[in-house]
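The block underneath contains the structure these notes are about, expressed in structure tokens.
In order of appearance the chains are A, B, C, D and E, and numbering begins at 1 in each one.
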């Protein structure tokens, strides 16, 4: 009678030990034995969307047929700061706004650029674009969408200091509404990317009258917005949810469209809570699942996990411009050869990713797909070669060179990633250490600023548009929006600037591929794996666009409905 | 008449709305023995506390062995000096000794603080234990191992350690059984005889007062109602209250009477 | 002689000897001694380097040579548990020591000086109570960078008023005892009376409270580590391991979370039981 | 009664002001700049930073920010949240009732189970006493973040008795169903503490003389227990209610995180991490005010129930 | 058959080393309307004896021997019978009224609780009767006192409330466990006068426990002297001073200082009072008795009837001191 407590504890620990299973031990060959897609380099990734299908990647779930009253959609990285198209840039913030506001052009699930509010956008000459607007598009309040609204929105996007797209639209010098349905955009210098950027939220059209009437609450939590998209904003209760419902007067309505009456966005950030929500049916769907959530959801009986083809990838950004050790390309190559890629793919993408030979992954080939695919085949698949890595470090002339890896102390995945690189780097002769940084360091990190105190950090980035030139110009050009490591190769800069000015797609592809080859040999960035958009939908919801960047630039919920 | 050892002049003590002690004056001659008799709420304990500096008098003067002690000592040095002239033994044997300290340590500590050299404290401690009629082996034991009577003996030994000129016995035997009370009373008589120490006995027990004290003051509601030589006051009480007190003490042939109800 | 008095006489006889801890008490003591031993010699005992990463073995279950299997970075779990014991013990030990010393000092000052000092200190305790401890931990973490030291200081500021309030009541009773009055009359200095006499008499109560507090300290520090405010990776710590194991738990590999969780619970239970038994033995309620 | 209440109210006010001021100092000293959160992840131009700093008046001197915040509170304006880019009062709106509901139901659970376990253990003694106290010690040793996992996985996912996350659609029954598991997770630790304290307090009361006199005056055992033992024994439990609330508030941070409930605890953790001063101040204000009000309520109840307090005070 | 008969009563209490015996075979009989005083020092077991009569035993205690009230075994009573015994036939008052009355409820509740619960009186009738008995025990302004809390009354007043509570239901036997020890001597005298008057008016029997021999002699018909859990002498109160035979009784009388004269030294009894728990052979008082012989230390002294008292001493018939 005196020992109930001991009994209880013994029982508890006994149960614990018995119930413990673990992942199957890796077979000696070190190949991940999980059902990861066969990622051997040799299989030719075919050109079109079906390429993705080869290794389980899809562009969208089968289109919905029946109507649905409401779909609960979870935003994994929390409540958006705003749904103002100018402020939404990365991740889940877009999944709301993109169903509300439309841009001049749009990106189809297969990545090609299609007409949006503008029936066509013509490149008259190197520095002028002319867009002709649809005549039947109206805002939710019934007022017509005019060129004046489009001009106002585009000007706001490129001049408002808080706008995220000021950088991307920098080369536009003026925007004028020549008449109700035509818009003329003049550029300060030739820039082919401007037209593709018009397919992103940079050119989202908002009602000028409505904005001027509600400037301080516009698109803020609890506030309102006036756009023309397939869904309109019903309510936003900060800290609880955002509810959007079908816009009955949408110009594009038709068969198989707007099947879901209402979408309720929730903001559950804790991975285990989100998984519990999905398994219990409280959440119907979510994009960009964290790696740890994938395996349990694979066992879910009420829905399925899938992976969207896309341009997103994971890479290490070496700091080359601040006089650190990684200024020497040999050391960058040594690091690239030290990494155990299959394990990274298994752990960081739950096996859905595939080796990233270069920054512009297959999902970003919006044109000249065959040329880019052929070039992709020439590139070597990154693989671990510890002997070669050690050799390179020895040749560098510096005995165990310093390697300071920056990691966000708040994000466990960021720290774990740093630990993995640290152990690999030390194994090949580096003297690697980890520097923990807080969010306050983010600004310096993701900018062109000098970073003498760190040598490398990890990022999940993507090509914003389906044009390889976009990612390479952002990383390759000295003033590039994503050139955070201070990479400066005059030859590459020359090729990219020339490409920016060539409207002919074949010619441009040749220049971009040349730049791609040099940057890849230079290891400007060290890509580790593609990170497809892992998504989950319960069995009673289908029809979502899942390929990136389409799912962040086009109304992905347009065909959402019952199977 | 020799210089009085202890002089109290017009002592007064007020607590917000209650007057605990009202104009009390008395003297104690060296080697003398004064009884302060009264029931609970009479103010007798408050007077005792004022004498040893545990309570601050609202008014009045206190002189002990020539030095003015009307106000409680500021620092512990002043208190230590006064300790060599006046000491006190409390009523409850269970709470007046530090439960974790052995009898020997308790005595040695007092002696050290009183300024005795470390070499002589051991011998003096043994003397004190012997003085209060206890075997030397008690030096090693803790209060929890002793009976009520033995603890009071330790308390008395501790009070005598500073060789005070006078010891206040605040109901020191009230909590003891009859047979033990008798032993302690005899012990107190022997100690007074051998050391010439003066006593101030604060008690409600007239028989004990009769046995120990030479003179007595009777207090009621903070004031002295009668004073004089103990024998005369108890045999022929003048003040009605003293008469009532005397009449209420059970003795052969006594019958309880309603008397004044309170 | 009332019933209560008989009971006390009977009970005082039983109080002193340590053998009265009872089976459960001894068992709790044994568990604590084992944990202390592991905390002291964790590194030496660990069969493998707790920080050696091999992500090929991520979340792999028990295999020969690795009785508890691996964590999410392929590090040997048994070694991490053994090494983790230190931070899971040094932290709470420092926390309990600091808050006990601070709490006791404040309680003694309040009980000795009474009057307005007592009132202000008690008001201070109230204010400290109202201040959400977790907010303090986060702010200090952002101020000085998260880590075990910061977490301990933050929780000390939360534990001290709790202990202070608890000890004040007992200290007030002890300073009211007549032996304190006797010592004042004997010319002992305030310091001597409080430190040499009142404090030793409070020790049984203080020790019993400290031991019970140790159980809670292990949990709260583990909680802060869980929130990323206590021990920082890659150092091994049970609280961190419970958090780090959560994703694996979702995948059906609960070893890390439940093993570290069991250790935390076992430590807390052991200290709770020992604290209770000692308190009961020393007649302290 | 008046002076007693007056003193408690004054102390309460001082506590509120002191705590919010301490929070203000702590956040002001914290290094780093909340602005980084706003611009996280995207390169920004200096002008943009400037505009944002002005919008959230991050450059005002220290004291003016505190008093302007305090002034605002009285007009119901709790300021602007930097991290959520919204009015703080809007953020607090839905969260306050959620956390109050959660803490409230946990409190009821603690009192119901804690008290009954404690009373049964104290009155029965023997095996039942050791068993209940053992389980209480075991339950109190399980950290909130571990018990949350176990409860979700067992009762929500495997058995499906209760919903796993969130607080439902607002209808009473649905909210109640959603609150069961989080309240249990929150109540475990504190419940065990109450059970242990109740047992100790009821046992001391059992030993009191007046219980013996009641028995000897022939009062039936049942009445002696209810009128004399329990009534006196449960009074001290009231006094630790304040202590309990402080513990619960900390606990909500874990439970709300694990059960994906948008409440004050979770908000406090995220806001403090991003040094979002306005939100941290607002949450602390509400928690402290709730804490102070409850303490005053407890004191009034104690005053009413225990005459000894009254005579001491007078 | 007398009102209360106690024969061969022993009481064992759990101690760490097994069981300790507190009462070693106590015999006493109380006739209806008579008053029995039980006197002794700490540990003599006087209080335990009176509590056993009220069936109020410490936890884990075991008794043997019989306690019968009007011929009926108290120790064997069912809980209902015991409740009727305690609520209407026997009443008990204690040493510390402040601890014996629930401090958190009004004095009124304390008084009428028994009447309303056990005797089925209505609240108003019980309240009236309470005011009546309060007045009878000499408490002025009883209405206000009913609504007061114990903490607002003095020790003397509370003891009167205790006594009043026993008068509500006319018990046949009053058990008083040192009721006036905590009171001042003047209050003691008044309270004892009150008890004495009320007892005689109602023909109530009493068992009065005290450590004060003189007080017992003043209010009781017979005196029992207890030492170390045994009764050593039973003597009529009137003959206590002149004809008490047992050396312990004699020594107790002599140890007290006199009120009407001052001797230089008291005839103190050496050593300490023994408690029942210490096991001893022969006469328990032998170690401290000036007249002890070897036989006293080996054989248990027999009970010797002498005049109309009883003495438990080997040397009863020896002329130990001149007797007037």
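In this section, a contact is a pair of C-beta atoms (placed from the backbone, for glycine too) under 8 Å apart; a residue touches a chain by one contact, two chains touch by 3 or more.
Because the structure is a prediction, the values reported are computed rather than measured.
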Q | Chain-contact steps, minimal, separating subunit E from subunit A | A | 2
Q) Counting only C-alpha atoms to place each centre, which chain is farthest from subunit E? A) A
(Q) How many angstrom lie between the centres of subunit C and subunit D, each centre taken as the mean Cα position? (A) 22
Q: Let me have the rounded angstrom distance from the C-alpha centre of subunit A over to the C-alpha centre of subunit D, please.
A: 41
Q.
Roughly how far is subunit D from subunit E, centre to centre by C-alpha average, rounded to an integer in Å?
A. 54
Q | Euclidean distance of C-alpha centroids - subunit C vs subunit E, Å | A | 51
**Q.** Touching two or more other chains - residues of subunit A
**A.** 2, 5, 9, 272, 410, 438
Q. By residue number and range, which residues of subunit E touch two or more other chains?
A. 42, 56, 94, 96, 99
Q.
Two-or-more-chain contact residues of subunit D, please, as numbers and ranges.
A. 31-32, 137-138, 149, 153, 208-209, 212, 273
Q) Touching subunit B in the complex: which residues of subunit E? A) 41-42, 138, 154-156, 184-190, 192-194, 196, 211-212, 214-215, 217-219, 241, 251-252, 255-270, 272-273, 288
Q | Touching residues (chain side subunit B, partner subunit C) in the complex | A | 52-54, 76-77, 79-83, 86-88, 90, 92, 95-101, 109-110, 113-114, 144, 155, 158, 162
Q. In the complex of these two chains, what residues of subunit A are touching subunit D?
A. 1-2, 4-5, 8-9, 79, 81-82, 89-90, 161-162, 164, 166-167, 220-222, 237-240, 266-268, 270, 272-274, 276-277, 279-280, 282, 410, 438-443, 446-448, 481
Q: Over in the complex, which subunit A residues touch subunit C? Could you list them?
A: 2-3, 5-6, 9, 12-13, 16, 19-26, 30, 32, 271-272, 275, 290-293, 295-296, 299, 340, 343-344, 346-347, 409-410, 412, 415-416, 419-420, 422-423, 436, 438
Q. Along subunit C, where are the residues that touch subunit D in the complex?
A. 2-4, 7, 123, 126-127, 129-136, 138-140, 142-143, 162, 215, 219, 222-223, 226-227, 242-243, 246, 249, 257, 261, 264-266, 268-269, 272-273, 276, 285
